[in-house]
Amino acid sequence: MQEIHQPGSYHYAFSRYVEPIARVKPGEVVAIYTQDAFESQLTRESDRPSAILGPYLNPQTGPIYVEGAEPGDTLVVHILDIEPTRDWAVSAFIPFFGGLTSTRFTRTLQDSLPERVWIYKLKDGMLTHSDRLSFPWRPFLGTMATAPDLEAISALTPYDQGGNMDVPDTKPGNILYLPVRVPGAYFFTGDCHAGQGDGELCGVALEITAKATLKFDLIKHQRLDWPRIESQDAYMAVGSARPMEDAARIAYGELITWMMEMGWDRWEAYQALTQIGGLYVGNMVDTTYSLVARIAKQYV
Amino acid sequence: MQEIHQPGSYHYAFSRYVEPIARVKPGEVVAIYTQDAFESQLTRESDRPSAILGPYLNPQTGPIYVEGAEPGDTLVVHILDIEPTRDWAVSAFIPFFGGLTSTRFTRTLQDSLPERVWIYKLKDGMLTHSDRLSFPWRPFLGTMATAPDLEAISALTPYDQGGNMDVPDTKPGNILYLPVRVPGAYFFTGDCHAGQGDGELCGVALEITAKATLKFDLIKHQRLDWPRIESQDAYMAVGSARPMEDAARIAYGELITWMMEMGWDRWEAYQALTQIGGLYVGNMVDTTYSLVARIAKQYV
Amino acid sequence: MQEIHQPGSYHYAFSRYVEPIARVKPGEVVAIYTQDAFESQLTRESDRPSAILGPYLNPQTGPIYVEGAEPGDTLVVHILDIEPTRDWAVSAFIPFFGGLTSTRFTRTLQDSLPERVWIYKLKDGMLTHSDRLSFPWRPFLGTMATAPDLEAISALTPYDQGGNMDVPDTKPGNILYLPVRVPGAYFFTGDCHAGQGDGELCGVALEITAKATLKFDLIKHQRLDWPRIESQDAYMAVGSARPMEDAARIAYGELITWMMEMGWDRWEAYQALTQIGGLYVGNMVDTTYSLVARIAKQYV
Amino acid sequence: MQEIHQPGSYHYAFSRYVEPIARVKPGEVVAIYTQDAFESQLTRESDRPSAILGPYLNPQTGPIYVEGAEPGDTLVVHILDIEPTRDWAVSAFIPFFGGLTSTRFTRTLQDSLPERVWIYKLKDGMLTHSDRLSFPWRPFLGTMATAPDLEAISALTPYDQGGNMDVPDTKPGNILYLPVRVPGAYFFTGDCHAGQGDGELCGVALEITAKATLKFDLIKHQRLDWPRIESQDAYMAVGSARPMEDAARIAYGELITWMMEMGWDRWEAYQALTQIGGLYVGNMVDTTYSLVARIAKQYV
């Protein structure tokens, strides 16, 4: 099995303007090693993020060239397994970043919240900071993307080709579908979360380095507008936008499109999702918000 | 057991300016009969909502005077049971109303979506329109509110005293906590949904008339800023606002307040919800959007 | 000329549930005396708003019954003159209220901005706090509304019948058009601003008590969806909603409707406003935001 | 005077990943030739935009390397003159693009508005389509940007380094200040508008090819967070974000920062802008919205 490490420095943008670090074939299973969102610079609770972190966050492993991928295809990413490559995770309060603080965009004249680093030990399937703060190992890849044809997009951003979605359903056992917009797809991943609540409230989940085992496939000549996820029992679509209602509109709109591709009438799909759809918040902290719309397969 | 029917015409606003229709005592179990959101005016699939419906929608049973309730108290509503009082439910596409259409507020120059009425038969625990559109009976009360001290608020509106929240967790087995702002609380309920997906996408769930069995209690001298819900295994808070991110901020902010009342440190609560909180969309169609933040009791 | 003072206590909601304090005839010129937004409770720079102000703000003079007004009519309010009734104005920073702070809705965990009261002397047509803070007398009525048919709406709220719009164009020389939804219209006004910048940034303009000279007229059988303003050289429409883009959509959408009533083709109006329309922010601080769309009469 | 034409194909992103087409010195006056937003592909009213336009819009002339510019400097762009290079302008209704239609992000199930191309003749200082649609020549550059350090950003996007702001104050006589984030600044411009209303309502102003005469300067070692504009009588800041209230917060927040750099106390600046600030909408149609906050120099 091919093992993919980032050779030298990491990338902080989804971009076609950099050389691929590896090439994979459709059907091939690969192991990808990922850094944590801070490139492992936060290691102790006494660390002050604002003094340590540089301007670039969320380092990505990639781009990975998928052979045969062409613009207009769909890249299929089977998330087979995620293993931790260290025995601790880190969360942090970073000034003017998070869901319950003013930010660079939702700008106010108020002082920032206090900085703070939280270290969790991983043991026996639990991430434990203290008696009160102890949560199960529920890993997923916060960031997976293909490269845009024209832009280079900061690795902090969720967008229509995936990116920093931070939705807990990009987890082992599930399949992520992404649009291909450049030859080779240029796949990136990183930002493994050992666990995360809906919304990623303070902006930083249980960040950990990891080894992700993925299998890539292609659906030739199938254009996709937004990321889709398939689990054993549900179909999902991810919308990323601001304000949050636009992310919701996109997610449900895209799920209707998927249902129509599966033979549904548009109005029946609209009606079905009204009565049985699911809609949760993946992130409410990134440069755009990500929402996941879902329908159980038993209703499709 | 006291049975409460609306005597004569229904109310379409949460208001202290109308006479109570019944009085209940703390600890008393009552049965409340509710109309559907259209006052049962849509009965056939050939009906055209725009020709039939008047300006007032979502009729409420109430106000119900809770003895001993004073401003500054919390009203506790135990939702014991919901039974249908007819064997069918109705959904509808209404012009310029819903989650995937322009509206009176998100105003565009586009034509409306087609009108349409959907009738579902209730039988053997399933609501069935057709082979494809058949969903289980999962009833909840879409609307529950206490009256504002000053305002009279349209029964279509979710707000900080409950209202038309359309969150599926106001269901049998759960407890709703609402602020009391006028003597007697002036409780209203209605809008029973035989089932609903997250977001209530087209704007109209499986609307049905119902008999709701509720028990009221009071927590004296406990001020509440926003509605809270308790289930057997979770604590929840409901935020209602636009844009949707404000509803999310309110919901999580209020849940942190609740956790602090239970002895948590503010920053620990912020951290815990980041890693284990839940956040789903109740409605994305009403005059404000309602989101539910939750934490499982095992982590509190 | 009839002089209208509020007899006894002021009203803090736009509501049909209170008795009119005066009756006026179409064509009649009246003088209305208005309180400031704090009912003149803030008088010194050493005052602390949070210690002094109660839950009700923005007292209104009204309701005023306009004879002959029926639902479906348009109320025409000619703003003839505004005179100050004291020689000072007040502004204030109030905790969690304003455009550059988190609020009750845009909720964060941050501390509030510092409280502060600013007193301005009115002399020689200038409002002067200090050398730096000295601004011309540019008075307008921050709040004007008719009563809803069903609701009672807090006097802090801008909505589709006017309300607390805080748009500087409701000033002497201009005409405000409001929908009538109850017999007699039930007109309210208050919240005179001695001057205000676009957005009313800190949430409190140059608040002053005043005598407003208004003339009322009716346009029978002309329904209106949102407030309109006419100046000597422009037509304007006011949209109030959240998020702010919805207020913008409403304002421009309503202005297109107005142009169509004046004989324009819908698409020509859309095109004309693209090239020559104006769009400014009245308030970015109230419970909904108010934007004003305008077109100069020379282009209509 | 150096004349700068785009050699060969245009650029559709603000990016450091392309070679500069010209080099300028601080203090140098240059003439830059710009394409229209459609690369002059729409020429007749019978044209159908959806059939003619490719995926890339808003071609830019650049990057232009400014000698001596280093990250952390401010680029000063004196807009000296704009001359048309043809005698007609074009506007258009493009499906799912504009301020009064659903879009790719504010996604609905509705049909698009009708497509339409509008050609205006430029003569005697007027742009004239018909008797009704005739507007004065009020040219400005819709798009001006420096390149991000990491990203390549679609030329349709306004952001913190300028971009497709579409604010009418980037016009002759005014000065635009932009942050420098890469050596040489990498300046881009294009999208000349022969005139535009606030908001650019249908999404397409009076698009024209032009010769812009600019003079570049540098302020060394002065970091800037967002674009600023100086006219003869006002200071302005431009915020670009969604939802629109975030753009407003940024614009006013940045203007306060500027006033503080000029010696103001933060709270006095907040107070002054409340009473005398201006706030208008530049665009309500692009990928983010742009608002302009201003204060007249006489109050600073």
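To keep things simple, chains are lettered A, B, C and D as they appear, and every chain counts its residues starting from 1.
Note that in this section contacts are C-beta pairs under 8 Å (C-beta built on N, C-alpha and C of every residue); 3 or more make two chains touch, one makes a residue touch a chain.
Fair warning: this is a prediction, and the values are worked out from it, not measured in the lab.
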Relative to chain D, chain with the most remote C-alpha centre: B
Self-contact between copies chain B and chain C, residue sets same or different by half: same
Rounded Å distance between chain A and chain C, as computed from the means of their C-alpha atoms: 46
Approximate Å spacing (C-alpha centroids) for the pair chain A, chain D: 32
Multi-chain contact sites of chain D, meaning residues that touch two or more partners: 100, 106-109, 242-243, 249, 253, 256, 270
Touching residues (chain side chain D, partner chain B) in the complex: 100-102, 106-113, 243
Chain A - residues contacting chain B, complex: 91, 93, 99-100, 114, 116, 118, 127, 129, 132-133, 135, 195-206, 242-245, 248-249, 252-253, 256, 264, 267-268, 270-281, 284, 289, 291, 293, 299
Complex contacts: residues of chain B adjacent to chain C: 12-13, 15, 17, 55-56, 105-109, 149-154, 239, 241-243, 246, 249-250, 253, 256, 266, 270
